[in-house]
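Consider the two complexes below, in which chain A is the common component and chain B and chain C are the respective partners.
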Partner chain A sequence: MTGTQFLRKKKWTMTIVFIILIALTYGSAALTQFNLIDGLASIPATIAWMFSNLIPTAASFENLPKVLGRLWETIILAIVASTTAAICALLFAMLGAQTTQVNRFFGVTARFIASVFRNIPVVAWALILVISFGHHILTGYFALFFSTFGFLVRMFIETIDEASSDGVEALTASGATYFQMVVKGVLPDTLPQMLSWVFYMIETNIRSATLVGILTGTGIGYLFDLYYKNLDYAMLGLITILIIVIVFFIEFTSNSVRRAIS
Partner chain B sequence: MATITLERTEQQADIFSRPQSKVAETVLQLTDVAKTYDKQTMILRNIDVALHKGEFVSIIGKSGAGKSTLLRCVNRMIEPTSGEIVFDGQNITHLKKKELRKQRAKIGMIFQHYNLVSRLTVFENVLHGRFGYKSTLQGVLGLYTEEEKQLALTILEKLGMQEHIYKRCDQLSGGQKQRVGIARALVQEPTLLLCDEPIASLDPNASKIIMDHLKEISQSMGITVLVNLHQVDVAMKYSDRIIGLSHGTKVFDDVPSRLSQFAIRDIYGTDVDELITE
Partner chain C sequence: MEALPSLPNVAMKNGRIQIKKQTKATIVMRIVLWTLFAMTVIGPFLLDYGEIDWAEALSLTLGNLQMMFLQPAFNQITFGTAMMQIGITLALAFLATVLGAVISFFLAAFSARNLSPAWLANIIIASNSFVRAVPTVLWVLIFAIVAGLGAIACVLGMMLHTIAYLTKAYAESFEELDEGTIEALKASGANWWHIVWHAVIPQSSSYIISWTFLRFETNYDVAVAMGAAAAAGGIGFELFMASSFYYDLHEVGMITYCALVVAILLEMISIRIKRHYLGKA
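Right, the complex of A and B next:
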């Protein structure tokens, strides 16, 4: 095959993939009777509706302390769930990572357990757990804990395997014990990256906690659900704005902390 | 502890400036060592090697000849499939974890990629060399004695690293990193130093500094040095003895002056041979 032929073949492949994508989009739009033009055309009206209904009124600000209390509960829940999950995830990641695994059996088991927890979405966890724990803050806690745990184990394993196999070899060769090797050889090089992931999960969990709250009847999600069902759109607007502000704030803080420790 | 090592050096310098005597104490004896992963391709076979106190020995051979595997079989970072390893008068071939750890503490090792904990300081990395002598808790909490700290500082000074002691290792150049690697190995107060391609990632200037330090260590501290090398000329210049490996077999083991073109062809093979055998 000559160079020209090779390049031409590559171009053809790209073109065909592109055509298939367009066909898929068009086909599924036709099947579901979704009209892109109509969808786009309705956006201005939606925005107008949002601005006329979702703006908090003076009356809704009277409920501010109540909302802030619930919001605080949600933030704390997200932080507690993320940090406790991180501690458990660290133990599993040590067992599961290639460079630090004690033996292959524990390694595979740890990775399998983490994979199960990770592949069940947080919403499914909330719905399953609400059956056993009822509408209680613990339900939300465990739902966030399980999904965070599964995700963090995976991220921690990747961090450990990327960063530290060299130092591990040197320490083992000099007669260091397993725990000396982990604490002094692996953690110093991986902890900043791992903390970064924990911060990311706290951010994510504050968002998820709202959704989980709707399902489990706790935290800010409960209030959101309540006012939504009462058609109190001004209150909904207030809650939404507060959530956005908090998520921005957490993202900003975690970014600056991450920069400071790296 | 610090002072002991360094004073001992000078006394030993004396002993080893004399021509190498035939009765020099054997530090390492490998007998019929073999390694295979799948029982078909032998990475190493029938390796017999004896190293004496204060000797500087290079292992040369092509990539894939088994140099790294051989080096790692010595401290059992790779378990040999068969054969015996006697280190410092003790058969370590079948030692259990705890005893093996004790012996490893006496074997320093340096690496092509330095293998430092890059976010820690030079000082911390060097002190890691003491872990083999510590309980898990002492190591994890980083409890070092004054003597150990002094020893680390003296060694770093000897290697010309006194200005960089509190720098993080990721801020150092390759040559400096390798000197930290050497310092970490020396802090172990080793009997044997294993060096896996110590200069393969370094420029000629830094390579010379590192090789000079290694030579100095073998001569003045009486530490046996076993080095894997790619460069034949470097091996010729620095070694007391050269071991040639080809396809996992030892094909040469003698003083550098006996390394003829013939022997080199045995070790590296000619291009034509390559085409036929592989």
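Right, the complex of A and C next:
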């Protein structure tokens, strides 16, 4: 194939891909009755609205202790769900990773279980659990726990498999038991990376906890939903600002920890 | 055991050679691990549990889970409707991803260190982290106040997070671009747009494709969530109706299965694409 032919073929492929993408976009817009012009027009309108309405007033600051209490609940929930899920995920990742798996059967099973947990959306967990646990903080905990668990198993397996297996081989050759091999060979290499995934999940879970809170009536999500339905925009502004502050704080902490340990 | 005599240049402690070195990294890691451990142990006691009967709740949950996952059935909606709703969810995710990707591409070109001035990059990065700090569902609900509940609010809300995510991913792949290529193009008189079209896009297109599809996969999950939490339609809304209005566990199970199958398919495609374009799992 000559150079011009190659370029012409590439041009054609590109054109076809673009046509397909545009067609899919039109199809999706028609299916969901999404209007691009209206959509784009409402962006500046929303920003203007945010700056004129989402401003906390003196009256809303009276509710500050209540909001902080709920926010605290959400933070604890996100952290506890992430750490406990990480411990379980570590066990499954050990079974699922190529370097550390006990045998193929356990490996495939562990990966399959993790995949199911990961792909059931967090809202589905929340809605399933809310039926039996009710509007209770445990509903939120389990919903976050399950989805975090699935995600962390995938990431931990990738981390273990990407780390060099030389140490593991050397330890096995010198007669180390499975337990010694894991504790002395695998964990020291992979712990910093795993920890940084746990921090990533804590960040994500603060945001997901808001979503789960709206559905299950717990934490800061519940308060947001309550004031949203009461059209109390000053309170919404206060809650939004507090969430932003917390997320920034956690992002800052996790970034500095990540930099220190890697 | 006899204590070794102290050797020069060897760390000793109690007459033994120290194999592990105390670096800043290990100390920080130890502190972080202990802090997380402490929070995990103490945290649950700080929460308000209210009244809960553990034994009853657990047996109820197990019973419910059994009803959902072992006896799934459609009652209120048909299989066709469910497929249609999944189509709507996919369409919402697709719109948010495509619109977000187009905007992110330009923002990334303006925020890559090697293509743009530092002040512009900093403004874009700062506003992106502001956008990311507000949960998607809050964005959707805020847009819904102005645009009304529905597709527009849902797509715009998801688009904002897509932009924040993809801009960072694209900008990072742009920054890996060979400095020499840019210089050569500049020397031959190419302007900024020439550089973007003829050097940046060809070299980073495989990254762009894999990141965009990965985001589409995430957006599908988000779209399910937004359907449930912000009434934006799609399979998430049906899930919400089945669980919170009809209390129909069989249907909840069936809808979850449908959503799960699509999610696993998307994940498999995403892994394929990543392997094909980036040559790794």
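To be clear about the criterion, the second predicted complex is superposed on the first by the 245 of 262 C-alpha atoms of A that agree within 3 Å, B and C clash if a C-alpha of one lies under 4 Å from a C-alpha of the other, contacts with A are read in each partner's own complex, and residues count from 1 in each chain.
By definition in this document, a residue touches a chain if its C-beta (ideal position, glycine included) is under 8 Å from a C-beta of that chain, and two chains touch if they have at least 3 such contacts.
The model shown is predicted, which means the values in this text are computed figures rather than measured ones.
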item: Clash-or-fit label for the pair chain B, chain C on chain A; value: fit
item: Partner chain in contact with A:98 - chain B first, chain C second, else both or neither; value: neither
item: Partner chain(s) touched by A:192 [first = chain B, second = chain C, both, neither]; value: both
item: Touched partner set for A:124, first chain B, second chain C, both or neither; value: second
item: Partner chain in contact with A:175 - chain B first, chain C second, else both or neither; value: first
item: Touched partner set for A:211, first chain B, second chain C, both or neither; value: second
item: Partner chain(s) touched by A:230 [first = chain B, second = chain C, both, neither]; value: neither
item: First (chain B), second (chain C), both or neither touched by A:109; value: neither
item: Residue contacts on chain A - larger count, chain B or chain C; value: C
item: Chain B versus chain C as contact partner of A:13, first or second or both or neither; value: neither
item: Touched partner set for A:57, first chain B, second chain C, both or neither; value: neither
item: Per-pair minimum CA distance [chain C against chain B, superposed on A] in Å; value: 5
item: Contact residues common to both interfaces of chain A (with chain B and with chain C); value: 192
item: Residue ranges of chain A in contact with chain B within the complex; value: 164, 166-167, 169-181, 183-185, 188-189, 192
item: Parts of chain C lying in touch with chain A, wherever the complex brings them together; value: 24-25, 28-29, 32-33, 36-37, 39-40, 43-44, 46-50, 52, 57, 60-61, 63-65, 68, 87-88, 90-92, 94-95, 98-99, 129-130, 132-138, 141-143, 145-147, 150-152, 155-156, 221, 224-225, 228-229, 233, 236, 239-240, 243-244, 247, 249, 252, 255-256, 259-260, 263-264, 267, 281
item: Contact set on chain A toward chain C in their complex; value: 21, 24-25, 27-29, 31-36, 38-39, 42-43, 45-46, 49-50, 54, 72-73, 76-77, 79-80, 83-84, 115-116, 118-124, 127-133, 136-138, 158, 161, 191-192, 195, 198, 207-208, 210-211, 214-215, 221, 224, 228, 236, 240, 243-244, 247-248, 251, 257, 260-262
item: Touch list for chain B against partner chain A, complex; value: 75, 77, 101-105, 107-109, 111, 113-120, 124, 128-129, 131-134, 136, 139-140, 142, 181, 184-185, 188, 194
